[in-house]
Every structure is written in structure tokens, then in C-alpha cells.
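Have a look at these structures, which come just after this line.
Look for chain A in each of the two complexes below; its partner is chain B in the first and chain C in the second.
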Partner chain A sequence: MSDTVKFKWNDKEIEAKKGSNLLKAALDNGIDVAHYCYHAGLSVAGVCRMCMVEQNGVPRPFPACNATVNENIEVRNDTPKIKEAVSATLQFHLLNHPLDCPVCDQAGECGLQDNYMLHGKYDSQMTDKKVHKEKVQDIGCDVMLDAERCILCSRCVRFTGEVTKSSELGILNRGDHAEITVLKELNNDYAQNLVDICPVGALTSKDFRFKQRVWFLEDVHTTCIGCEVGCSVKVSQNKNGAYRVKPVLDEAVNGYWMCDDGREIYKHVSSPTRLHSLVANQQSLFVPAEEASLKEKLKNKNVKLILSTHLTNEEYRDVFTKIKDLNLAARVEVALYRSPDVGPIFDGILKRGNKNANLKGAIKNFEQFGFDASDDHCKKLMANVKDSDAVLFVLPEMSQSLDHLETAVKQISKAALKCAITPNEEWSFVRTFDFLCPVPTFLEKNGTMLNYQGLERTLVAGMSYGDNSKTVASYLDWV
Partner chain B sequence: MILKNDLYREHGFLKGLFLGLKITMITMLRNIFGKDRMTLNYPEEKYFYSDRFKGKHVLTVKEDGTLRCTSCMLCATYCPAQCIHIVAADDSDKEVEKAPVSFEIELLRCVFCGFCEEACPVDAIRLTNEYEMSNHAEAEWVMDHHHLAFRKSLNNGRGIVSTVDDNDRMKLRL
Partner chain C sequence: MTEENGLTDKEKANYKDYALLSYHHIPGVHNLEVFEKAGGYEMMKAAFLKDPEAIKEEVKNSGLRGRGGAGFPTGVKWGFFTKDRQAQKYLVCNADESEPGTFKDRYLVEKNPHILIEGMIISAWALGIQKGYIYIRGEFYHQAVTLEKAIKEAYAKNYLGKNILNKNFDFDLYVHRGAGAYICGEETGLISSLEGKKGQPKLKPPFPAIKGYRGLPTMVNNVESLAAVPWIMRFGADAYKKWGTEKSPGTKLFSISGDVNKPGVIEVPLGTTLKEIIEVHCGGMKDGHALKAVIPGGSSAPIFDAETSYAVKMDYEDVAAKGSMLGSGAIVVINDKRNMGDVLKWTLEFYHHESCGQCTPCREGTGWLEKVFKRRESGKGLVSDIDLLDKTAASMRGQTICALADAAAMPTQGMIKVFRRELEEYVSTPVKK
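Presenting the complex of A and B:
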């Protein structure tokens, strides 16, 4: 702590740790510095030459990303010399750029566009023909490569080398002809991060490809419910639906990255199978039903309530307080359905095998209200379902082990009344249920979850795509 | 308000009236008897507006007969009436890369401001001097790209070919 020093950047006084990265210190203090190759989560390459600065006592400009903070240094990047250097550098970056912004998915959030408005030269001085490289390359893991748009910042090469350690990417050839190449097809669980870190449109996502222009989208900063890590993410959405998920920096949990499985969590939110009202099963077809019809059937029945691990702490609390308040404890039995682990417990980077997003929070709330959250209890409850019972099954919002869930659903098929509390009717086995009761998805509710570290993660509601008028607890009113 | 007050004061009412209506009278008489009539016997006779007139949209086509539109969505972004709806998709041609699978304009919403024309980076959309638009049902006013590009009035259904900037763009190609 004692080694925090003060220095000046364009006359603005900044405090930073002595010896820390000069560019990061400036960026952390809200100073906008043009840069492409520097990424705080990766090693320093110093190849893009955009973050050039001048320092008192240093004869030549140097890149800030490769310099360290020292006491009382005076750094400037607003001098004419630096401005000219940055502008000339950008001109070189754009020499062979194909200028296909109209068809490029990065347009709107592109580093080249942003900096061109500030440092661009506008008239091309290039007289030779542009060098052409291969466009539209599918390099695996849903990543598309356009070598022409690349400015060779080498962020992706460093990412595959340092973070995933799979080293699929490399830079081939020299000079004008240097280009990013896949040495072997991408094969890692974090490949979509390449799309995020690419400052230009060279690496784009196949899943998001041409779906929407980024300026039509709004970001909601929420939490991933893909596994028990609870990565901090932003979901891009507009009134037509959710379109993509990107990680948000959270040092304590996910750092800069997230896994590819987490990129899928938006899909069920605005899918065509979302429920828009309470539906009843009529010969395997779900048709809108009156609330009264379900109310009547549920009345005075013994209810087995199976909760999923995708609910928020607040929802568990609401369910349990409702059971207490309405004196339902005699008739309602509660259990917690857990999805089985998928893959290794921890893959060494981020991903964890336990896919129960809010397992910690669920157990905490179950214990607090004196209920049994154990897996054995859930199995016992399912096995003991009688043909006079009603089952309310809160299905997990997403599942990587559908077979396991299907067996669980089959187990309760004896019950007189089977209701699934789920936001959508995507899975085929929901046809065994008599009623489907709509609830909001994770993207449509506010609340908190506890991740595997016991840290509180916040869910933030975005736009709504289905019937969100009811919560899990509100269905207990009908029991 | 009497416009030509001085004529009234000078010549009295009746003469002043005729003097004041001189131009109107001449035009009226010319219209009744003369040859270069202002009034057209529409729809038998039709008026032709200049090419700058902002009428019904047309999507131009490339020389190979496919749409020029790259579905960059700039027109849809710029459109103050939000009447342009484009669905983009991959094109099998790598040079084209992105092309619209559906391009719809809701003509009833359109205010014919011509901003789409201005926003388009590839001269794919133009406003023509076609002004005759009449339909019954509201759904008929949503024009799809088959109508916008290949309706009968455009080169007998072959569409309007545009090569604007093509040479400039190809100049730097290998």
C-alpha cells in the first residue's frame, strides 16, 4: 500500500501503484487512450503503437502499455508530436483495411471506427493496390475469421497461448502479407472470448452473425446462471429478443472471461417457445387455460413442490414464507432438484461441473426455514409420489443433462395433477405435464444468488418476452 | 384583404376586379380553348415528375441481377418513420458476404423524406418519380423486395441496374 505514487497524465494527477502498468493506470482513471493490442487480462505486446506518450526527460515517444508508473513522472499524449504519431500509425493500420463496415458485425463497436473519428486522416494516400486476404473463414467454435480486417494486434494469439493454453492461432508470413491463421481448428471452451477481445471485426461470432446491428441493442448487466460460478455478464437485447452474452470484468469471480456454455443462456429467454399464459395439456398440445381450472384442481390436494436451483434467494424466501403464512406445511412437501455435474469439477480456468447456479443460496434458505435440501430427500419425495398428489415441478431454466431431468419427470408421472412451473415449453418431455405455469426467466427478474464461493451475485431485469405476471410463490396461493 | 388595393382605387370595382383577375382569366380562357392546358385529363394523361421527385422506392440491382443491398441497416437506422425492416443473412458469395433475405418498406408509414437514399452507402435504394400508389388492405402497403426491385414498371421487371462507385471500388481490388 505504501508504494502508491502520484504522477501526472496530461496535467491530471493520478494515483497508482509504483511499477504498475502506465496505460492501465490511465485507463482505470477514466482517461480515454487509443489502444488495440493492450488488454489488461493478457501480457503486453506493444505492437499496435497507438498508446504512444511523451514523458519529461525521455527523448522519444514510447508506448504507454509497455511502461511502468513511477513517482512524479509527467506523461502527455496530447502534444502535436504524439497526435501526429497516432494519426500516422492509424493510417498504417487502415492501409489494407477492406472498409466493409456495411457488412461487418463489429461496426458500431469497432476500435478502428472509434479512433478514426478522432485520429483519422480521411484521405487515403495509398497508391498501390490493397493486399487481400481470405474472408469468411469458419475457424471452429462458432468463430468467424476475416483476415483482411485484422490489424495484427495479436490479442487472440496471446489469449489462446496464455489463457486457454491451446495455441490454435498464430501469425503467418511477414510484412503486408502477415495474417492471423488457425494452426489447428479452434477447440477450447473459451473461444467466444476471442470475439470480445478482437478490437476490430476480424473475429466475429457465428451465433450473432448478421442477426442485429449493435446499435439497436441495449446491455443488461446481470449474472450468468449457466453454472455455480455466476460470472458477471451483460446480455444484449432489444424489443425483439436477446441476442448475445458478453462477460463483464469482475476480479473476484470471472476476471475478464466467461466460458462458451455461458454464451447460450440467452436463448430460451426470447425463444418462440416462451409461454405467454397459463397453458393446459390437451392431447399433447398446450392451449391457453383459465386460471380457475387449475385453482380448482389444486384445491385441498397434497402438493409436492420440487424447486430448481435457478431461483433467486428472494424467490426461495418468498416460497417458504408463503408456506409458513398460509399454514401449508402439512399439505406441501418441498424438495430441491439438483442437476448432476457435467464434466470435471473445475477445468482450471473458470468453468465448473456443478450446473446448479444458486445451490448455495437454495441450501441456505432451505435450512433457514427448516426444510431438507438434500438430494436424497428429493429422490425419496419423487419416489413417494402418490396417485392422489399434485406435483408442482419448478423446472430448471436450462439443463445440460436433459436425460436426468427427463427421468425425474417420468418418476412423478403417477401424480393426479402434474404442473411444470417453467418459462417455456421447449423440451419435448414437458408434454407429460397437465399444466405449464409461466414464470419469469433470469433476465426478467431482480434478485440475488450465491455462487460457489458464497459471494452474492445480482440478477438484473431487462426487457420482458413472456408472461411474467406470476412468480413461483404466487402459485402457492392456489394450493 | 384586397390584394391589389391600388387597382380598385384607380379604376373602381368592376374594372378593378377584371384587372386584378387578369392572369386568372387568361389562364382560364387558355385552359378552355387553348392548347397548353395546365389541367391534365388524369388518369388518361399523366404528369411526369422530374427524377428528383421522391416517390415510391426502388431497390437497385447489380449487373448480375441480384440486389445491391448489403443489409447494413443504415437506412433502417436513419429512417425517421421506422418503416424499413430488413432481415440479413449470409450470402454464399464470399465477396458479397451479407445480403438481405427480406427487405420490407411499410409505405403507409413512410414520409418520403429520402433519408434512406442518403444513408445508403452502396446506392441500393432510391426514390423514384412513381407517384401512383393505391391499395385496399393495409397489408398490401408493406412492400417486399420483389416488388421494390422487380416490379413491372422497372425495366419490365428486370430492375434498375446501378453501377455507381463500382469502378472506384474495384480499382483497388487485385
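Presenting the complex of A and C:
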């Protein structure tokens, strides 16, 4: 493009759009520039004073976050003057910081720790009494505020002002007594993003607090299955389980953010209700069962297969291919169960009412293989279940409309054999089923999904928490 | 000064010695009627007959420099302003005079509010501005009342309002009282406050002349700068330049406080020696004490010892050459009975209290400077703390959005430079609080 220009940052030649943010251009090109208040998804505050640079022909150092890219400018932040300034400013940041890293959840991914190791390493001369502010404040939406740890970068204030436009947060008082405060309790669907954008441990998640040290976690970059948006996310996990979900920058889909509902998607993955084998219902208690017993019961039965909208494109394809390959079309009838909309179609930020994560992908595959994906067809199929039939119901991995799902389950209850294909036995109405067949969760499979825009997003398998899970298609082998 | 020698009010105006205080000796000049009889608003009427560009040129040629403290040439600043006369834009008079030691604007407007209003109308005409605000320090209640009364009088005469004197020119003027923050004297902090936001300076660029109040072009000028405009219109740039030095032309108001016999506000040509100001205009040192030091430009200006004080000429260049700044012209005279530690302590307390808290070096630095300097109160003060103070102050300079960090750091470093031994003794002497 013609408006792309070249400039130099510490002698490194960088190409960026003319007039774009100077700091962003450096960061996007892999240059590590210390900064706290700048966030590409928010307006510029220019208050942390960490990204100071010098430029040829400009008399005074200035913050790169408030400057723009121009052709052939030469910018440096490796001069002795700037290095000294950054170190001194870091010292100011840490002056009244409580240094309670051993009990702080941010430790290990904290901007203060990281920059101290890179730009600080001075001996503190602070022997005076620190300024004390209020700690352990529950400010709503499962967000905890520790005003002492805060460095007043104002990212959180700008987020509630600019992104959610709910403006719950503000800065009270002046000087070193300034502190973040809630004007009213947090009340928005994106509050957990505050925890992500806080560069220090001032805002922490009530859900994640004290559960795990971040250096014991590994991130899996995958896609959220909470609704049809399909935000790019990373799930932090280790062998003991999954612990949290955070958004990953995806300009086309979710930008920098994700909604609070999406933060919950990890919970069923390593929950105690996970199935570890095929189980059979014995007086409303599920006990491990032999595969042969289910195979026996399925034999020669007419099967109604109800798929959920949480499967990957590949899983739909495998199911339909198997039906074709095993010539099951005469005995197996397929339908697609959709969860009803929750809330408005679109909230103006990210969240959408349609919770059927891979609806587009499902419809595409159904049609491709000549199956009917319509809701009417599904309703008809469920209404027409006979007492001689077997029903294989692939339950949605998660649901915000459990009543609707329960009604659907009740509808098929007169079938001779009812099997739920699901990763866990959390919901009480699964006792309607005779068998529960374990399948992997979204975090345990590779595959693709189509979001509401028709964009393909990838699911990536991390660690596995459910033993003996089988794919949906493989259960068709028993039909 | 109010002798009746059969002179008309107009003849009583002392244009010869003063540009700003020409009318101050006339009783009741805060009333429009008296002010007009003495020649007030003549220049406004004359200005309406002139080309706005010619007025801007005249102000530029006069070499008038911003009297708020920075000393940036007013005419040049006006030159940056949009020439689109139709566009919505604002003229803001900065009357948030809060620097410790400064009280010149207060004196100017409480005695003669109309000179400011006349200056603002002429400036608005020159710049094609339809709306003006006088942002006045909240504590100046009586001055705000005086200004509001004067504005009302000007409206009644159609010097303000719609279609002023049938010249097809609208100018509305409002008084806005601040809420007591020093930082709102910084022009972008002032704009934030005027917008109803927390009084915090904004990042520059964009500068207010491009994007100011409500995101529209805004010209912010000091009271004294605007009040000098009518005189420059009356007698011309060349006459104005006869006062002062080549680079610092004109007269300047100085507010003198401290250990002198006659503290107060004076108007003298720039370049007048500080010795003359103290010895002649202020009647010398009070109670026969010796001069120890002078803060020449308000609390943020580095201090001068007695020797330098008597050598310095009060213009922008000479004060800067001797290591301080003219600032707003607030001269604080300190005698040899004063402890410089106390002076610095109060200075540091002030800046700690007034830091807006946005930028980290200032927010944390101003507080820490005070704490380090007050370690003596817990018996922990060391001589080496002075080096720590010096280093800390140095690292605050040039690192923040506005100049408040510098305003706290400069006097600290300046004081250490001149009175290090006294400060060392001060910090290392434990005291009970």
C-alpha cells in the first residue's frame, strides 16, 4: 500500500502505516517496549511514562504512545537518557506498591515484575511509610480490586468508559492518594476483561484467585463455544484441570475482548462430573457399563440421532460419512437440536443471543450430505419417537437454556433406549437416559467451526480430562 | 494619587507609566461608566474599524509575551489559530492564578475588570471568536462577582452579546469559577475542568489552539496578556516596545511578598533590576533584616541567593540566564532569619497536595520528595537524603504531561544548589512533629 512508510526504531527498520500509532507499530514488529497504560483497544492516556523515546530533531523525549509514524523518522529508546528515565519511572511505579508478590495472583505475568527484571534491578531507597489504600474490594462481576497494587494506568477506567460504556469505574482523589474506585458496582457483561487488561495485580478474577500459579499453566489457543460469535481464546490448563479463559486478539471476530459468559466454558472440561467410561442408569445412579451391553440393545433398532450445534465441521462430516459407509440411512434418522436465543440478538459489543456455536457449520454439512437441519424437522422427529426406537441424543456441551433442553429430553423419553452422548453427567435430567456415552469436550479435539459471519475458526486439543471418550461417529459403529 | 486638579477622568488615565494599571488610581473604575469616561472601551470601538489581521499583526509586533509564566509570544500563539472566522471556537482567559506568591491577576481584575473585558473583546474580534470564558480561581470569589457585574454592564451597553454595536459580530463572555486546584491553571487542565471533567491536563499534541474546549479550537491567554491588548492598540507596538528589553518588551506586573516593607503588586518595565524592585518599589527589607534569598518567579522557580538577587534584571532572558525563571512574576523575598528548610518543606507540601495524580513520576515523586525531606520528623533523616532528593527531582523532570513535576523538581534542585549545607543540617536534625 502506498501509505506504508519506513522508519527506524533503535536502528531497526520498520514498515508501518503512515500516521498510525508509533508504539503499536513497534510492538507489532516484535520490539519489546515497556508500557502500562497503552492498550491498542483503548484510547491513549499517556500517563505511565514508560514508553518514552527520543527522536532526531525533537528537543524533548516524548511517549511513543502519543506519537504517530512518519516517513524516515529515527526513534530511539535505547539511549542512556531514556534508559535512565525508564528505570527511574519504574521506581516511581513501585514506590508505594506493596510488593506482595508471594500472595498475588498476577505474579509471573506482572508488568511490574517483568519490567523490573528488564529495566530496573536497582536497590530501593524507599524506607518511608508507604501510602495505604483499600485492599480486597469486591467490586462486582467477580472482579476483586486491590487499590494498593494499582499503578493508576487507567486502562480499566477507559475500558468501562469506552468499550462497555457503563462507566462504573473512576479515579478518586489526586496525587499519590488517587485510587481506582467504583462509582457503582460493576454491572456489565465484559467485566473480566478488566482483569486481563490490568497490567498488575490490582484487578483479579474471583474465579481464578488463589487457585493456581500462572507458571504452572499452559495456554491452549482455541475458539470459544459459548455462542455463534466464536471468539478466539486461550484456555490455561495443567494436568489438574483447566483454570481460566482469556481472549486472544482476533481483529475479524472479537478484537481484544470476550464476554463474561465465555469465561465459563472451561468449567465442565475438568469438572468432577466428567464421565470416564460408558455408564448405565441403574435406578437413577450411573454405574460403569460394558460396551457390549449397549451394543446388544442397539442392534437392529431404528435410531433417532439428534446432533448438537457444538460439534466441529469434521465431526458432522464423520457422522454423515459413517451413516453412508455403513448403509445406515434406512435405520438412522438425523436431526439438529438448536438451543433457543438468550437475550438480544446482538448486544452492540460482541455478545450474540444465538448460542449455537457451530450452527453455520452444522447446516452446511447437513445440506451437503442431504440431511434436514431445520428446527421443524427436529421437532417433528422428537414428536414422532416411537416406543420401539432408540434415541442417541448428542447433548449440547453447554447450555443457557436448560429448561428447553429438559423439555426436549422428556419428549423422547418414551423411546425404548435412550442414550445421551455427552462429556459429563452434570445436569439432573440426564437421569432420563439409560446410557451416557462419553465424548471429548471442545478442549480435547482438533477441528474447525464456522461462526455467524461464516468465518472458519479452529479448535485445538489441549490436555485430556475424560478417559475412554469416543467420538460421536464411533458410536454409530454399534448401531 | 486621586488629586483633583481640574482634570477630566480621561486625562487622569496614566498611560505614560502603565499599560495595565493605567486606570487603577481612578476611584470606582470598576464601574463601566467611570472606566469609559477615563478612555475605556475606546480601543474596542476603534478595533471594530480595523482589519482583524492588522490587530493580530500589531500584537505580534509588540512582542507581548504570555504573562502566565511560560512567556511564549502571544502574537505567535495567535498566528497558530485557525483563520476560519465562521468556525466555532473559544477564547479562554486563564485567571486561575494559583502559584504560591502570585496575586497580580487578582489585583488587576478586582480593581479594573473592564480592562480585561475590553482586551478580550478586541482579541475575540481579531481571532473571530464568538464565545469566551474567564476561568477564575475558585477562591477569588469577590473578583468573580466583580467580573460578573462588569460583564453585565458590558452586555447592557451591547459591548457583549449579539451583533455588537451593529458590527455584525457576536461575542458572549462567561465567568467560570474553578474549584481550587492549582493544576487547573495549566491550560489543558483548565479546559478539562471547564468541560466539567476532573481537572487533569491533557496530552499534547493536539494543542488547544487546534483541539481545545469540547474538541474545538481554543485560545487560552493569561489575564495580564489580554489586558495589555487595549494599550497596544492605543499606542501601537513600537510604543510598547519602548518599555523593557529587546526580547522582553513591555511592562510586567510583579506580585511581591515576603520580608519587604511594602509588599504588593507593581507594574514596571521588564528588565527592571530586582534590586530596584526591592529597594525602591517595596521600600527595602522589613525590620532592617538582611536579604537572604529571592524566589523570582513563583514557588516553582529556582531560588536566588542575595548576591544573584541584587544582580538580576527582571526579564525573561536574564532570570533564565541566572538559572531560574521569570514565571508569573511572583517575587518572594526571604530575609536571613528564615530557614530555607522550612521554605522547601512548604513548597514540597504544596506540590504533593496539588499533583493531579495522572503521570506516575509526578504522582509518586511529589509525595516521595516530601516524605524524604520530612524524614527528620521520625528521626531518620540523613545528610545523604539531600542527594536522594536531588536525584529524585532530576528524574521527575521532563517526564510528564504537564509541567507540574518540573515545577516541584526545579525549586528542589535549585534550593539544593544554593543552600545545600543549610538543607543538610535541616534534614539531619531530628524534630518532634
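In this text, the second predicted complex is superposed on the first by the 474 of 479 C-alpha atoms of A that agree within 3 Å, B and C clash if a C-alpha of one lies under 4 Å from a C-alpha of the other, contacts with A are read in each partner's own complex, and residues count from 1 in each chain.
The definition used in the following text is that contacts are C-beta pairs under 8 Å (C-beta built on N, C-alpha and C of every residue); 3 or more make two chains touch, one makes a residue touch a chain.
Quick caveat, the model's predicted, so the values are computed rather than measured.
Taking chain B and chain C in turn and counting the residues of chain A each one touches, the greater count comes from C. Of the two partner chains, neither chain B nor chain C is touched by A:F346. When the two complexes are overlaid on their common chain A, residue A:V136 makes contact with chain B while staying clear of chain C.
Residue contacts after overlaying the shared chain place A:C101 against chain B, while chain C stays out of touching range. Within the superposed three-chain model, A:R213 lies in touch with chain B and out of touch with chain C [touch as defined at top].
Of the two partner chains, chain C is the only one that A:I151 touches; chain B does not reach it. Of the two partner chains, chain C is the only one that A:G175 touches; chain B does not reach it.
In the superposition on chain A, the residues of chain A contacted by chain B and by chain C overlap at 129.
Those residues of chain A lying in contact with chain B across their complex are 100-103, 107, 129-130, 132, 135-136, 209-211, 213, 215-216.
Those residues of chain B that touch chain A in the complex are listed here as 70-74, 77, 88-90, 94, 96-98, 121-122, 172-174. Across the complex, chain C is touched by residues 44-49, 52, 60-61, 66, 84-85, 88-89, 91-93, 95-96, 125-129, 131, 151-152, 154, 171, 173-178 of chain A. Residues of chain C that touch chain A in their complex: 181, 198, 203, 205, 352-361, 363-368, 371-372, 375, 380, 388, 395-396, 398-401.
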